[in-house]
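Each structure below appears as structure tokens.
Common to both upcoming complexes is chain A, partnered first by chain B, then by chain C.
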Partner chain A sequence: MNKIRKNYCGSTEHAVSRRQFIGSAASGIAGASLFAENALSAELKKQGKSVILLWLAGGASQLETFDPKPGAITGGPFQSIQTSTPGVRISELMPKMAARFKDTCVIRSLNTKNGDHGSASQLMMRGRKDEASLKYPDMGAVLARELGKPESQVPDYVSFYLQSEGRNFSGSGFLGARFGPMELSKSVMPENINKPDHISESDFLDRMALRDLWSKNFETGRSSGTLASHQQAFMRVHGLMESQKLFDVSKEPQKMRDMYGPTQFAEQVLIARRLAESGVPFVRVGRAWWDSHGQNFETHQELVPELDHVMATLLTDLEDRGMLKNTLVVTLSEFGRTPGINSSLGRDHFASAWSCSLSGCGVKGGSIYGKTDEKGEKVIEGEIGAARLFATIYKALGINPQKNYYVGSRPVPLTDPGTEPVQEVLA
Partner chain B sequence: MNQKLLVIFLQPLAMLALAITFTEQVEAQEKLLPSNMPIEKVIDHYIEASWKEKKIKPADAATDTAWIRRISLDLNGRIPTPSEAKTFAEDKDPTKKQKAIDRLIASPLHLRHQAREIETLLMNGTKGNLSEYLTKALNENRTWDRIFKDFILADETDVANKGSSEFLKNRVKDLDKLTNDVSIAFFGVNVSCAQCHDHPLVHDWKQDHFYGMKSFFSRTYEVGNFLAEKEYGVVKFLPNKGKEKQADYMFLTGKTVKPVGMTEPTKDELKKEKEMVEEWKKNKTQPTKPKTSTRAMLVEIALGKSERDFFAKAFVNQLWHRFYGFGLVMPLDQMHSENPPSHPELMNWLAQDFASNNFNIPRLVKGLVSSKVYGLSSRYEGASTPLAKDFAVARLKPLTPMQMGVSLRLAGNNFGGGATSNADLEKKLDNIDNGAKGLADQFVQPSEDFQIGVTEALFFSNSTKFQSECLPEGKDKLVTTMTTMETPEEQADLAVWSVLGRPATSDEKAVIAGYIKKHGANAQDASKQVVWSLMASPEFRFNH
Partner chain C sequence: MNFTSIKVEKNIARQDILFAVARVPNSSKAFIAGSDFKISEIDFQQAKPEIRSFPAHSSYVTALILKDDTLISGAYDGKLVWWKASSGEKIKSIDAHKKWIRQATISPDGKHFASVADDMALKIWNIADAKMVREMTGEHKPLTPNDFQSMLYACAFNKDGKLVASVDKTGHIVVWETFTGKKIATMEAPIMYTWDPNARRHSIGGPRSIAFSPDSKLLAVGGTGKIGNIDHLEANGRVEVFNWEKSERLHEFVTDKSKGLVEHLEFHPDGNILLGAGGAGEGFLAFMDLKEKKVAHQEKAAMNIHAIASSDNMKSLLAVGHHRVLHIKTA
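Right after this comes the complex of A and B.
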């Protein structure tokens, strides 16, 4: 039997009239509204909000992080500790986050129903599954679109992904290359961002001015969105090259670098903060090797304290700079890990009851949402899937999760039709 | 009218319609132009009539150099060489355009370009390589219905069809996707919405159509590296109202067939089948063909005289879109009665002409690019620019990755010096084409409302790959040849001819000459900067 896919069927809330549909389909301005701005979105862009996504590729264990079950048969060797919120406990591997829990909301009730690395990564980066004929943009592309400024001199979507595990699942889908990620997969410095040695600074600017002249000549009597994007892309080159200093961690005071620590992950998160501070709306820092089918506890003993330290440092740093109210820090994986411990002392893929966290902008800090049973095998309270998580994230940033993009004449909301944000998570 | 009927629910826009409505439409229309009229004359007739009716003043005709650049990109996937462009512009022969079209279609580059374009149309991001099959098929001038048949039957036991199973193989693991992709690529309809509910606008368009189409593929599966097809099988689905239902074998028009094997096989038959599959797997042999192939039945229905409208119109629309930058029906996957063509008679005439000439591809290609409408300028001087669907001004078409790769290499290698024989030119072009893949990979395949990203601009600005491949130094290379010229004005002229395929205006000559004089300390560097600025210009980036 064929499963009915409920994920892209309509809701009355976001209906468009038949007249509207036929009008836009027939007028041949398909997609034009994809890039149209209204006053509300323009206002949002001015607020300078950002998201830093700490992407734990391979699937971090909820039991060794945000939803510990000490004493249960599934609990493993680690204990839980009290956080700064009375009654809320997280894994003892996260003492620093426990101490500064006040800005964080942990969601313990994700049931995302997909335990395959590839398609689950796509799901948790987009908030939904691609359709056969429609590729959805991921969170970074949507936020680049919603929060980035068209004339911005900094990139609007940066993705650090130096490890190979779990790479290549992001993408801007139907939003196109304009909102695609600046991928940093070889080094923390973006490709082609530095001026080559064979041309002087003044020659570089001169030839750009010459190009600009040809461009203006060509634009006389011609107009198209693609033509405009070409011009815009070249206009942004110089500014982006200036922004290369943002990627240079040596520009940070040594004291600050010491605070974050010497690891690659820490360095990237520090760069992410530099980027957010300069107006980059979305930065993902990928941290791989969480896929602990064997030796789960050793793996987490090594990885979780680093995450704990870096995340807590980041939140404190953001707070000190007055940025936390406008910066949302998300820790997320493609799925969690099984409560059951396998014969290699590992935990396998598990998508039916796992956790993530949201901190800062728009979030009710110091709180927990949702609950799993005693062994962590299933969600018993507040179950949500990827769609509601994404709706909550967008809402926390002040973006209407049901805002429509138009693909041709078809309205496509930011999250699946009818998806409600989780109010309890929001400030 | 009931308010509810006025409201549609979000998803179902990319939807379908019925052939019945198409047929009615045809009958209701005034008589079409005679079938023996040349394609290009018919295009000009219908489009010009619509301008007259809407009081639209079309753009001027494109200049000769603009036209030869456009046609070279459209038929050979590359810009013209400076000597091709010059020769064409100077030619006084009134039939020169027709001659150029014939020459470009006869070039081996046409086959390659056509194969790439059709591969993009059919694969559209899905992995898989159709080039082996398509190159052979197009070289033999196979017709579009034959190509469709070859891809759907995927019978590689016939060596003539080697590589044809790539289309199905890469989709057979996801039959929903396969169903939808076939419907979009060959019939111009996106059925994905009918997967979960009936069409809210066209009452006759139901989930039955989606699952009906899916049925034809439901017996297909993979055995090792081969495709196999069962003797039995039906698709069942849960309608959004009512109980589980068995789908008919139903084409998009509603026409159904009843193949054998609509009942479940017995235990014995299943056991026997399992053993056979094991045997095929073990021996790595091609599975035996079924007595009744439901995929073959689909081909037969889709190409049947009363049902082939979808098939013919979809390809006409896709090809029209490729050459004119905008479909007669937009979006390309929404060819349904709620979304009629901008020029219904033209669409009907072209589809009938295509079908009655056995789906001959080169004939259609030649007709489409021979019209006056195709030859309009992309610049509009009038006050209000006509809409895309009026086809009164040529659309800007962003170059594909391969068009970019080949053309950049072509421009950087100076073909301006000295006339070359046709055979020599073809050989050089072949080399350029062969080496263009790496460069092409730096660019993104354009889609509707394509937005060029800053990654591309950074690549142009700072990449050493761009520098070495597009601005190479040495004998016969553009930037070096420029330095051997006597005056900066001559350098300007050579650069503009090589990169943009036209003479430099006097203003441009003055600007470039001024630039070269100012930066003359290193003549070759100055040349590079000038050539770079032209390559990075929108005039190069678009087919205009």
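Right after this comes the complex of A and C.
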């Protein structure tokens, strides 16, 4: 007797059972036939590249992270410190990242023109605004599509977002459910990929063997894309069930867990590394909530050291495992924060001149791109928007940002037509 | 005197955000300091109040102590600096704390002062020779229960200076013997600290002010109430009054007309009225009646108030805060 499955995130929108997943996954793969696979993308998939997105939800302050302005009237109380790149300074709240800046490029010149949490989050996850008749896929869905391997038995897109503020902005858009995220919003352990309790392990293995036998018999003498995609989808679900151990942080040595630290964010980032190591091409770790309208400096005193420690530990861990050259670590928010300090000693929403960082795969490490003025109020060099940032991310991973998907007969490039990546950011 | 008459005599606009003020006795002069890392000397009765200004620290200046011609400043750079008040000449600079200095307060006899900082240390200093005479550590934990950095926000002497109290972000209050460093009482004010484990997963608030009553029997702590949406300081100001010898909470006052933090607390010398001031988007003054156990009078201020230096039995208040200096007369 089947139990009613729990949802991934508690919303009916995301209520997915394994049986439903097989259906949508199969249709997604059939839908993928809309898109031309070529030798280049097949080669790319073999390289095992991954992205770990540290999503600083609510809007982290660029002035207290990557673009400090000490001494300016807008600068706040924090000093800047020298990084391992001569002449490059970041906030004193980030000493660990300053010391291992060699793999990171900070972009200080984002002007994304949207200071609303909801629509800005969508913009910075998709790289562009949806059209009335076309929902674009977010970065995770595109990278699941571009980097995920059809035969993979691990998820292609995992999203951790355990805080309740600021959710519900991701989506696979026209790519369909096959490339949508496995959302973890209640626990770091997936909730509905467990083997039902009433089936023993030996029963489960027997059933799998029987299904495999019937399937092979059925396939004998038949050649069908639909049949193959259904089989692939089933194996993916089986893989998802098996992949549960990847989410179990207790499988990591205590020494490694201690290195990342005791916080929830640290635990999720460690799991993200485990997932990337096992072939998951895109993992987003949402760290809410940076929306510091009141007491900005206290808030950043809590959140930035945690980010600094966890991010630096992740980069070192990836490097030690030989993964950093194929893993891109992105820190990104929906926007930054105002240079002006309000009367609650807070900073408000600000999308005109803010920062993000790219580390690892395909990136010119130890560098800064773009510049803001003395008070951090406007970009004075290298202004870019969401589209060029996304083009740069895709290019760093070896993906042509102008590659077309096809929605019906309409070609839809990965980023807005004509968008060029920022060459200065790329290795 | 019921403090129902509040008159702002001077309202001086500033570019900087001011966190500290020290008045020159029997004059209209004062030293102020804040977000421009400088110390300014002003005469608040003059049309052009600023007399001079000089660079003092490498971060926000949050503490000023004035004794005769000695001015001492403390800042988020962890330094205490001794100055000749009349000339602005730097006398001595000390790496006093490893993290932000949040507050300093002078002892009643004017010979010592106490400083508190985010290294979670309370230190007692000689004003005359700039020597530290006592350090109290270990009682205020460096991390909150949720593994984030804690902060040691405020300290106060009692009337004879033999006791000093300190309060940290989580609401842990300690009363110490000033010159032995012995801990003699602890209390908790947890409501003032909000940790949001689910929606936003960080904290806000924490007690920001502390004061002994003139008879030293009561200890008042000021901050804010429990906050729902920690993006903002959206709770009302809150003051809790303790019988510290029994570690017993006696009264709770809430500024129901104003939101934000109570950043300044001061008992009237008669012991019956407690002044709280602070704010968030707007500022406030609240006069609490300890006999009636109610907030007797509340007044909006033109700015979020971060510090006050009073004189003449609280008839004259020099308040500093968000881009302003206010000289307020009470009656």
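Worth pointing out:
Heads up, the rule we're going with is that the second predicted complex is superposed on the first by the 363 of 427 C-alpha atoms of A that agree within 3 Å, B and C clash if a C-alpha of one lies under 4 Å from a C-alpha of the other, contacts with A are read in each partner's own complex, and residues count from 1 in each chain.
As a convention for this text, a residue touches a chain if its C-beta (ideal position, glycine included) is under 8 Å from a C-beta of that chain, and two chains touch if they have at least 3 such contacts.
These numbers were taken from a predicted model, which means no experiment stands behind them.
More chain A residues lie in contact with B than with the other chain of the pair chain B and chain C. Of the two partner chains placed by the overlay, only chain B lies in contact with A:Gly221; chain C stays clear of it. In the overlay built on the shared chain, the residue A:Gly118 is in contact with neither chain B nor chain C.
In the superposition on chain A, A:Ser343 makes contact with chain C only, not with chain B.
Using the contact criterion defined above for the overlaid structures, shared-chain residue A:Arg211 touches chain B, although it does not reach chain C. Residues of chain A that lie in the contact sets of both chain B and chain C are absent, per the superposition on chain A.
By the touch criterion given at the top, residues 5-14, 125, 174, 176-177, 180-181, 184, 190, 192-193, 195-197, 201, 211, 235-238, 240, 244, 326, 330-331, 333-334, 338-340, 342, 378-381, 385, 387-389, 395-396, 398, 444, 446-464, 467, 511-512, 515, 518-519, 525, 529-530, 532-534, 536-539, 541-542, 544 of chain B touch chain A in their complex. Against chain A, in their complex, chain C makes its touches with residues 15-17, 35-37, 58-60, 76-77, 100, 147-149, 151, 198-204, 230-234, 260, 279-283, 303-304, 322. Partner chain C is touched in their complex by these residues of chain A: 58, 70-71, 73, 77-79, 162-165, 261-264, 287-289, 291-295, 298-299, 301-303, 305-306, 341-346.
Residues 1-2, 4-6, 8-12, 14-19, 21-22, 25-32, 34-35, 131-135, 155, 174-180, 182, 190-196, 198-199, 203-204, 206-208, 210-211, 213-215, 218-227, 229-231, 233-234, 236-237, 240-241, 408-411, 413, 417 of chain A are the ones touching chain B in the complex.
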